[in-house]
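Once you scroll down, you'll see the structures, which are given as structure tokens.
Here chain A shows up in two complexes: once beside chain B, once beside chain C.
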Partner chain A sequence: MSIKTNELTHIYNPGTPFEKLALNGITLNIPKGKVTAIIGQTGSGKSTFVQHLNALLVPTSGSVDIENYHIQPGTKIKDIKELRKKVGLVFQFPEYQLFEETIEKDIAFGPKNFGTSEEEAVALAKKVLPIVGLDDRYLQRSPFDLSGGQKRRVAIAGILVLEPNILVLDEPTAGLDPQGAQEMMTLFMDLNKKQGKTVLLVSHDMEHVKDYCDHVIVFDQGKVKIESSVKEFFQHPEWMENIGINPPAIIRLKKMLNEKGFCIPDDVLEMDTLVKIVKEQVKTYE
Partner chain B sequence: MDAVNIKDLVFSYDEQHDTIKGISFVIPKGSYTTIIGHNGSGKSTIAKLMIGLLEAKSGTIEILGQKLDESTVYSIRDHVGIVFQNPDNQFIGSTVADDIAFGLENHCVPQEKMQAIIEESAAKVNMINYLDSEPTKLSGGQKQRVAIAGILAIEPEIIIFDESTSMLDPQGKKSINEQIKKLHEKKNVTIISITHDMEEVAQSEHVIVLKDGKVAMSGKPMEIFDKEEALHEMKLDIPFALKFSKELKKEGIFDKNECTLEGVVEALCQLKQMN
Partner chain C sequence: MNNIALGRYIPFDSVVNRMDPRAKIMIMLFLMIAIFVPAGIWGYILIAAFIILALKLSKLSLGFALRSVKPMIFMMVILLVINILVIKTGVPWLQIGWFSVYSDAVYQTLYIVVRLMLMIIITTILTATTKPLDLTLGIEKLLHPFEKVGLPAHIIAMMISIALRFIPTLIEETQRIMNAQASRGVDLENGSLKEKVMAVLSLIVPLFVSAFDRADQLANAMEARGYDPQKPRTRYKVLSMHSIDYIGLILSVLILVCCISIQVLGLA
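Take a look at the complex of A and B:
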């Protein structure tokens, strides 16, 4: 089932001097089994939005429908506890949330919290670790001895172990080395393609959005400014400029070339096509 | 005089495994140096060693000609600013303005000059409308901007950015990178930037590549990018502009490589005019 929001509005600290309208009437339908990118400038409401998807935040007005759960103002967490198993939310820098003495314990914490027996939870932890690219030897190690990228894998394993149908990832590759980032994206793509998980990716990395996502939702000052397929989105450099997004390198290169008298069509988004076109245009006068 | 001169530096977090395994390098004064390396290669540890937050097991660190030790660490910190990856642990003031003021007070900036400096540096990072906000209530990217404003206000001679644009949106990152460049060019501030952004590396003057606690390579960006295979082995990548340039070279269009978009465009324009 898809994720639907209807006129979702969230106000932080209502009625106080700190009152802040963070989401202003968001109506969206996020398709099941796809990879959807959520982008926008810092403070545009992206993080507030994703926290509604597993009811870490409850709407001030409007509603959210996910799986068989309906969340509206006043919804009590105890009525939707199972939702947190269905929607795995991975925060920015999730490694800061690791706390147990061993990696095994850290991963097993989630299932135990949902009533799985100790033994079973440990078995689940063992099963999930290879999915994030770490082997058995890590189980008894302290998560704090790992590098940043490895810690993040453990933190993500702690979410995957609950077998969520929907994965919401807030900047999952921030701070990783290029290969680490690519491996992480490959992991999410596998989870999407092979296990059919719906993936929502909050990202500032337009290269990732271009290469891995199906849909784009752009947030701007608490509202949805653009909803589009990825292919369509990247053919409109002017949309990106309007919302203060630095386009992928290939699109910036195209723009710079077109300003210097080259003529490169908007729908060229791949390097090999661009190489061919550029080659023809520099040799035109030979 | 060098901004940083590190000799045979060894450091261990647990007395058993060395994280920094004998590193030596020099960063010239007024240069723009990037430090790259895989996660866990020791980049952030080096940054913390350079400002005396960690103590080396052996080896020496000289900052602006002064040897770093217990007696010099505070005077050295007057000249070195650092912005960390995670801005959460860096706030002291109850408002953004107070937080920026804190650093200025520590540097004995007279009260009457403070307000102007605070406003100017907040404007540079696009946070002028948040001066009265509580830092803890800001988003991750906004916190990072405030931390950067705090450093811009002090204008230290050396600024270390430890992946400090990682939480920013692309536009924010671009504008911060422009601020960094301006500081470097106009005020001759030494910039040391720890980064995974290969486009930023291409713009810098000098690159130090760390691998497993050692210096694997150092040199000009193009010299480093030339060793593409070694970079891949170290989990690093080359910038898009260079990938594109290499394709054009394969096709016989380019005879030498470019590693920035500006360089690629310029070379293509020349070819177009020649033909």
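Take a look at the complex of A and C:
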């Protein structure tokens, strides 16, 4: 299920003093089954873009094609409600969407909205909870008694229970400690590798982009500035500088090493390889 | 949700923006009273003229002012329907079977609608041209004399400024939660009554939770900075009245006096 957009443009509040061109002619083709990173500064249009992917926003002009759903100006939500099931959108700080008395009910809320029966929805909730690393004992607890990280897991379970083929994650690790963040990313990678879900990751964390993603799309002022593979992207530190992004630690380390007289090839992105090369060069030097 | 014009500050650099908030609040008060004086069409024309002048000076468009009235349209329609059904005096304009429309019903509604519109537009001009903080500073200064009789002016002003400050935040939050729940299949427009109740619940509960969270954090942040409402405070911003403030005040008092004399002399 690939995602295609054609000249996608979105203007907020057209014809008012608050008019704002948020997306300006985005034409993209996001591959199926891959992990694609969307990066860009605040206000670059990332969030507006992802909201088009399950028709929370409808384009001002242009179109979005996902499987056999076609969204264009004037598309009615009623006709494409099922799309929202196919594209799971996990917002920033999703824990704020919890509202039910028990975790079981909260997770079952989504499927019920799409017409699944009560029993089936509860069964689905039971099935999905272990995927996010929580066990059955949690089902009858209140989501408000949990820790921040656990709440987020429950909220994500509330999206996964809809069995989306495409998972759009807006800063899913924001506010988590490094270990929690890594567990979260591992969870998403498992969903990608084992279930073949297409993952879109909106992130400011270049380490995550480098470690987990296949493709990178850079948004800048409502336009796509760069579209490339992760490997190629990180061979061009100047791209990152241009858009004001702090490169991952290894890129910065490479730069420092090169300044000190080492000669590290551009395509080295793994710490192990880097260590090996540095060792070799030290040896040759001696 | 984002295009709500009511209560939003628009950072234009205009004469009205630079006016003293105390003067603006008092002008608003005088005009509000004038609106409630039943001075007939001439009174409203005077007030409307003043409003148009204020709009011109504040660089706001008439369209913007009218948009601020938009949320009230629904209420006004209901009002019209009720009035048509209840008020049966004046000249009958329309008669279809049992259903009839009398002139007084329409006049009454128009009367209320005009009043409401004028009030909303005046308030909108005030909030659109005055930073929330200036507004509360103005309120605080105006309430200051009443502190002698035990009115906690500073606390009231602080509460108002916090409430105003959080309106846009809560609107944003609502939008965010609406989006999040829409992704989970919530459909606020279609569906049965039970589904709609559920949908609203799925909005309100998270909204309350986050509002309480925020209140907690804000209280902590204020206390951490040593905030104590009882202590005397100095001000970074000192208000001062200029000629334009006096002109505005005099004009608004004149309008009020005109409206009252029209009423008293029975010219309406």
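A few comments on the model shown:
As a convention for this text, the second predicted complex is superposed on the first by the 281 of 286 C-alpha atoms of A that agree within 3 Å, B and C clash if a C-alpha of one lies under 4 Å from a C-alpha of the other, contacts with A are read in each partner's own complex, and residues count from 1 in each chain.
Just so it is clear, a residue touches a chain if its C-beta (ideal position, glycine included) is under 8 Å from a C-beta of that chain, and two chains touch if they have at least 3 such contacts.
Everything quoted here is computed from the prediction, not taken from an experiment.
Partners chain B and chain C, brought together by superposition on chain A, clash.
Shared-chain residue A:Met271: touches chain B; no touch with chain C. Contacts of A:Phe18 after superposition: both chain B and chain C are touched. Shared-chain residue A:Leu176: touches chain B; no touch with chain C.
In the superposition on chain A, no contact is made by A:Asn29 with either chain B or chain C.
Once the two complexes are overlaid on the shared chain, A:Pro94 sits against chain C while remaining clear of chain B.
In the superposed model, B is the one of chain B and chain C that contacts more residues of chain A.
Of the two partner chains, neither chain B nor chain C is touched by A:Asn68.
Only one of the stretches 73-81, 145-153, 217-225 or 253-261 belonging to chain B has C-alpha atoms clashing with chain C in the superposition, and it is 73-81.
Within chain A, the residues touched by chain B in the first complex and by chain C in the second are 18, 96.
Remark: chain A residues 12-13, 16-18, 51, 54, 56, 77-78, 81, 84-85, 88-89, 91, 94, 96-99, 109-114, 144, 158-159, 162 touch chain C in the complex.
Taken in their complex, chain C has these residues touching chain A: 2-3, 10, 61, 64, 67, 173, 176-177, 179-187, 189-190, 195, 198, 201-202, 204-206, 209-210. Residues of chain B touching chain A in their complex: 37-40, 85-86, 134, 137-142, 163, 166-174, 196, 198-199, 232, 235-237, 239-241, 243-244, 247-248, 251, 253, 261-262, 264-265, 268-269, 271-272, 275. The touching residues of chain A, counted against chain B in their complex, run 18, 40-43, 47, 92-93, 96, 146-150, 171, 174-181, 204, 206-207, 244-246, 248-250, 252-253, 256-257, 260-262, 271-272, 274-275, 278-279, 281-286.
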